[in-house]
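Each of the two complexes below includes chain A, the first together with chain B, the second together with chain C.
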Partner chain A sequence: MGVISAIGNNVRENYGALVAGRTGISRITHIDTVHKNDIMVGEIPTDNAKLEEQLGLPRDSWSRTALLGAIAAQEAVHQAGISDINDARTGLISGTTVGGMDKSEQYFYDYFENDRAWHHINGLHAGDSTRKIASKLGLEESFATTISTACSSAANAIMLGARMIKSGQLDRVVVGGTDSLSKFTINGFKTLMILSDTYNTPFDDKRKGLNLGEAAAYLVLESPALVEKENRTVLGYIKGFGNANDAFHQTASSDNGDGAVLAMEKALKIAGLTPDKVDYINAHGTATPNNDLSEGRAMLRIFDKKVPEFSSTKAYTGHTLAVAGAIEAIYSVLALQNNVVYPNLNFKNPMQEFELLPQTELVRKELNVVLSNSFGFGGNCTTLLFSKEV
Partner chain B sequence: MSTVFINSVGSVSAQKTFDGTTFLEEVAIYNDTVIRVIDPDYKSYIPPAAARRMAKGIKMSTVSSNTALKEAGLERVDAIVVGTGLGCIGDSEKFVSAIIDNKEQFLTPTRFIQSSHNTVSGQIAMAIGCKGYNFTYVHSSISFESSLLDALIQLKNGEASNVLVGGVDELVDHHVDTHRLIKHIKAEPVDSSQLLQSGTEGCVMAEGAHFFVLSNQKQTSTYAELAGVRTFNTLSENKIGEKVSVFLSENGLTVGDIDLVISGNNGDIAFDGYYQTLADDLFGDTPQAYYKHLSGEFDTASGFALWLAAKIIKTQTVPDVVRLNHLQAPKLKNILLYNQYRGENHSLTLLRKC
Partner chain C sequence: MNKEYRIQRYGHIRQGRISLNGIPRFESNETDFSIFIKSAYKNFDTQYPKFFKMDSLSKLALIASDVLLENENEKNIALALSNRAASLDTDRRHQKTIQDIENPFASPAVFVYTLPNICLGEISIRHRLFSENSFFIFDRFNADSLFEYANSLLANQKSEKVICGWMEFDQGKYDAFLYVVAKNGIFAHSIEEINRLYLTP
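On to the complex of A and B.
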């Protein structure tokens, strides 16, 4: 596993912040936006120059999305103990929503003035960030693709990776996602009026919206045969997955969370588990009025009012858009490894619509199955189930 | 494992392909560096009030997907999978320019919402009330093949019975203008009937939307079997022959079994060598065809190739306009599609008569 986010530059730092209850939400510093005093973000403190130095790249050569992605993917491959990425049938599946938009918006008119930034022109393709990550990993003659289903992108990348290993198409696959902050997303979510002007408060009755975040997170999935052959230490298992569409509204979730219910049902069915076997839910919990109500109702429907301990980690990282599903997959696996439920920060007021209280303190207890939700624009709903044992 | 059938096709392209009753009997010839689709009558598919703010990509996809669903005789499908290099990029460009021009003020959400790459798959789901699996792939010239492969796995493993698969990309100004700067688009117009003799770098950029219903059930409308799809992120010219041979043998075939190869030549002298190498190495005695003089080049142009291959197998005729050599197969059983863009993101797709 590899991750870079507002709460840390690697898996160890992220875990440290999670158990310490330390948020990464702050004012924005890397992007000069007129909204800087009205919003808070989950920004990665390291600037592009540092990231490029770390990757051995010249200044201003890649979009921040690709830089973050390469750093997290390298950590994942390193942690998995892979020395030659091409020694098995390996794939790369990456989710992103903005791709190279950070550079496209910066040089949108400059391209016609001079050729200084022409190398960024093709970077607008979402797939270009994946191409660059593949090149850093040395992945050749292989399956590499990009998924963009808004905020469920990386969750879907994980799901596709699992399906491709299960169906025998691949032996190993690096799955996850990357998204940097950009004026594009800041202004886009601003027009939708779902950005909070302060720290986001998932599942709180007075929640004011989300904080955008940036991150990259990747996991290495391997087939049972490869795990045995290489004598790997398995961190966790993908037990189930489900994707469904709310088919309700382009940007809002249905009142009763139909898509979310379907996604959770499918994942449980594939896992062959009943809802009572789920020990912890890492909720999507963006802290928008619409999401938390819809997701809360969906959880109540699935768990028949006996909802297990749940929390959203968006108050730590912000909503990292495409990456949310991968970063929260890593947090879910860390939860299983360490038998810990992370607190849902900033929660004060129970929601009026139902009696659902997120876990607000750190809890240490035996965890065997963790459920993680990711929902996106276009009605896209994905649930992943992680387990400690096969 | 189930066999996977192509049960219907839908196309909006630079040719009059939206009319499914004809098959390239009339061919539009262009002399340009960019080409747009021949617009169907969008009004008969989309209420004018809705169409006004709708991105071109959504409009083209609405017509193309409707056509495919209708031909398959379906109102619903189990899954929707769409490939698009850039999504509704016209809206992205307008939103970015508005951010810059208006200094981040007075913006409205429509452009931003339609900028989501999965707008088309989401819109179709809403339009037909499909609550099933819904994915969007955005990986340059294998965006469409990623979708095909996903659908193929689902159908083979019995996870779905009917899947709507499509590829869509729209042609917009800023994207064209910037890609002219870096010479990805030809500097001089070229007569489309002379595309492969252009002798120049870059492509003729275009747009289009191609949708198909893939199913594990054969029916009267069935065109062909989709036997296999394989993609490669990188590949050197001298490795392509080897990869094709392995792909064919995995599907129980040899070079001699292939009755037609449809190649993605786009007239870019810097990269068409891949197709020539493959033709020389393996397929010297095989009938060959091409299509980008008809469709133009875009990330999901290979959707046009699948449309073409499906039509060829069903009608058992190869239109003269797509022939690359003078060889003719006595029967058209196995068709191999090969595509790449600028030397990257190679794809092999295999169709079989059924």
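On to the complex of A and C.
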């Protein structure tokens, strides 16, 4: 597993911040936006120059999306103990929403004037970061694709990767996502009026909206045969996955969370588990009025009012959009490994619509199954189930 | 994968022509996409006012899915679409609005379409599909991946049918190709056949 986010440059630092209850939300510093005093973000402190140095790249050659992705993917492959990535059929499935938009907006007017930043035009599309990460990992003639389903992109990348291993098309697959902050995203979410002007407060009655975040996160999935052959230490298992469409609105969830209910039902069915086997829910919990109400109602429907301990980690990282499903998959696996439920930061006021209280303190308890939700614009709802044992 | 699936029907929207199973359903000499797709909307008596709020990619997807699903009763249909340009056409519009020095305000109506999978949401809302859906970005039409994905969905009983295809719109150029994979159908479900149907509007 590999991750870079507002709360750390690697898995160890991310876990440290999670258990210490240390948020990564701050004012924005890397982007000069007119909204800088109105919004808070989950920004990665490291600037592009440092990231380029770390990757041994020339200045201003890649978009931040690709830089972050390469850093996290390299950590994941390194941590998995892979010496030769081409020694088995290895794929890369990466989610992104923003692509190279950070560079497009920086050089938008220059494109007409000179060719200095011409290479960033080709870096705009969503597949660019995937291609660059694949080359950085040394993948040759591999299955590499990009999924763009908004905030469920990385969760869908994980689901597709798991399926391709299950159906025998790949032995190993690097799955996850990468998104950097950009004016494009900030201005878009600002017009939807779902950005909070202060720290986001998931599942709180007085929640004001989300904080955007940037991150990259990747996991290495391997087939049982490869795990056995290489004698790997398994960090966790993908037990179930489900995707459904809410079929309600482009950017809002249905009142009763129909899509979320269907996704959770499908994941549980594939896992062959009843809801009572779920020990912890890492909720989507974006802290928008719409999401938390819809997701809360969906959880009540699935768990028949006996909802297990749940929390949203968006108050730590901000909403990392395409990456949310992967970063939270890593947090879910870390929860399983360390038997810990992370606190839902900034929660004060129970919601009026139902009696649901997120976990607000760090809890240490035996965890066997963790459920993670990721819901995206377009009604795209995905649930992943992770387990300690096969 | 032991089970053999079939392609039930396929549709194209390409160069002013809308066809189902190779038979023209609507033709126009209009070269401007927005005028063309509006005349198609009128021709089919679509009666779906939300259409006019959509971006070009979603308009293309909506009309394509309407033609394809005209006589379809099954609701458990998954969606697996793909393209090359993602939502770049609308992304550029959004980018221009936020870089307009005189009036640097984004429009919610534009921003909501700055993701390729929104067109899947629009199809799902229109046809009440609560099924699995994914949108992939490929360099070119990729029958191999769509073939495997549809097989996997059907073999794992994730849905009764799958709509697969290519939904490309960028700078006025468009190319829509959809096909339905199911247990029965008149066309073989194979990579060769998918490529053949893609090339025969």
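Here is the rule we go by: the second predicted complex is superposed on the first by the 390 of 390 C-alpha atoms of A that agree within 3 Å, B and C clash if a C-alpha of one lies under 4 Å from a C-alpha of the other, contacts with A are read in each partner's own complex, and residues count from 1 in each chain.
Here is the rule we use: contacts are C-beta pairs under 8 Å (C-beta built on N, C-alpha and C of every residue); 3 or more make two chains touch, one makes a residue touch a chain.
Keep in mind that this is a model prediction, so the values were computed, not measured.
Enquirer: Check chain A with both chain B and chain C modelled on it and let me know: fit or clash.
Expert: clash
Enquirer: Where does A:35 make contact in the superposed view: on chain B (first), on chain C (second), on both, or on neither?
Expert: first
Enquirer: Could you say whether A:122 touches chain B, chain C, both of them, or neither, answering first, second, both or neither?
Expert: first
Enquirer: If you count the residues of chain A that each partner touches, which comes out higher, chain B or chain C?
Expert: Looking at chain B versus chain C, the one contacting more residues of chain A is B.
Enquirer: Would you sort A:354 into first (chain B), second (chain C), both or neither based on which partner it touches?
Expert: A:354 sits against neither chain B nor chain C.
Enquirer: Go through the superposed model and pick first if A:144 touches only chain B, second if only chain C, both, or neither.
Expert: So A:144 only meets chain B here.
Enquirer: After superposition on the shared chain, which partner residues are touched by A:259: those of chain B (first), chain C (second), both, or neither?
Expert: After superposition on chain A, A:259 lies in contact with both partners, chain B and chain C.
Enquirer: Now that the structures are stacked on chain A, which of 27-35, 189-197, 207-215 or 315-323 shows chain B clashing with chain C?
Expert: After superposing on chain A, the stretch of chain B hitting chain C is 207-215.
Enquirer: By the touch definition above, which chain A residues appear in both interfaces, chain B in one complex and chain C in the other?
Expert: In chain A, residues 34, 97, 99, 101, 104-105, 108-109, 124-127, 143, 145-150, 156, 160, 163-164, 167, 169, 183-184, 187-188, 190-192, 243-251, 258-259, 262, 376-380 are touched by chain B and also by chain C.
Enquirer: Taking the touch rule as given, give the residues of chain A at its contact with chain B in the complex, in rising order.
Expert: Residue positions touching the partner: 33-35, 92, 96-97, 99, 101, 104-105, 108-109, 111-112, 115, 118, 121-122, 124-128, 130-131, 134, 139-150, 156, 160, 163-164, 167, 169, 183-184, 187-188, 190-192, 243-251, 258-259, 262, 376-380.
Enquirer: Touching chain A in the complex: which residues of chain B?
Expert: Of all residues in chain B, those touching chain A are 80, 85-87, 89, 92, 95-97, 99-100, 103-105, 107-109, 112-113, 115-119, 121-123, 125-126, 129-140, 142-143, 146, 149-150, 153, 156-157, 174-175, 177-179, 181-182, 184, 231-235, 239, 243, 299, 344-345.
Enquirer: Can you list the chain C residues touching chain A in their complex?
Expert: Result: residues 1, 79, 84-88, 91, 94-95, 98-99, 104-108, 111-122, 124-125, 128-139, 145, 148-149, 151-152, 155-156, 158 of chain C touch chain A.
Enquirer: Going by the contact rule at the top, pick out the chain A residues touching chain C in the complex.
Expert: Spelled out, the residues of chain A in touch with chain C are 34, 97, 99, 101, 104-105, 108-109, 124-127, 143, 145-150, 156, 160, 163-164, 167, 169, 183-184, 187-192, 242-251, 258-259, 262, 266, 270, 376-380.
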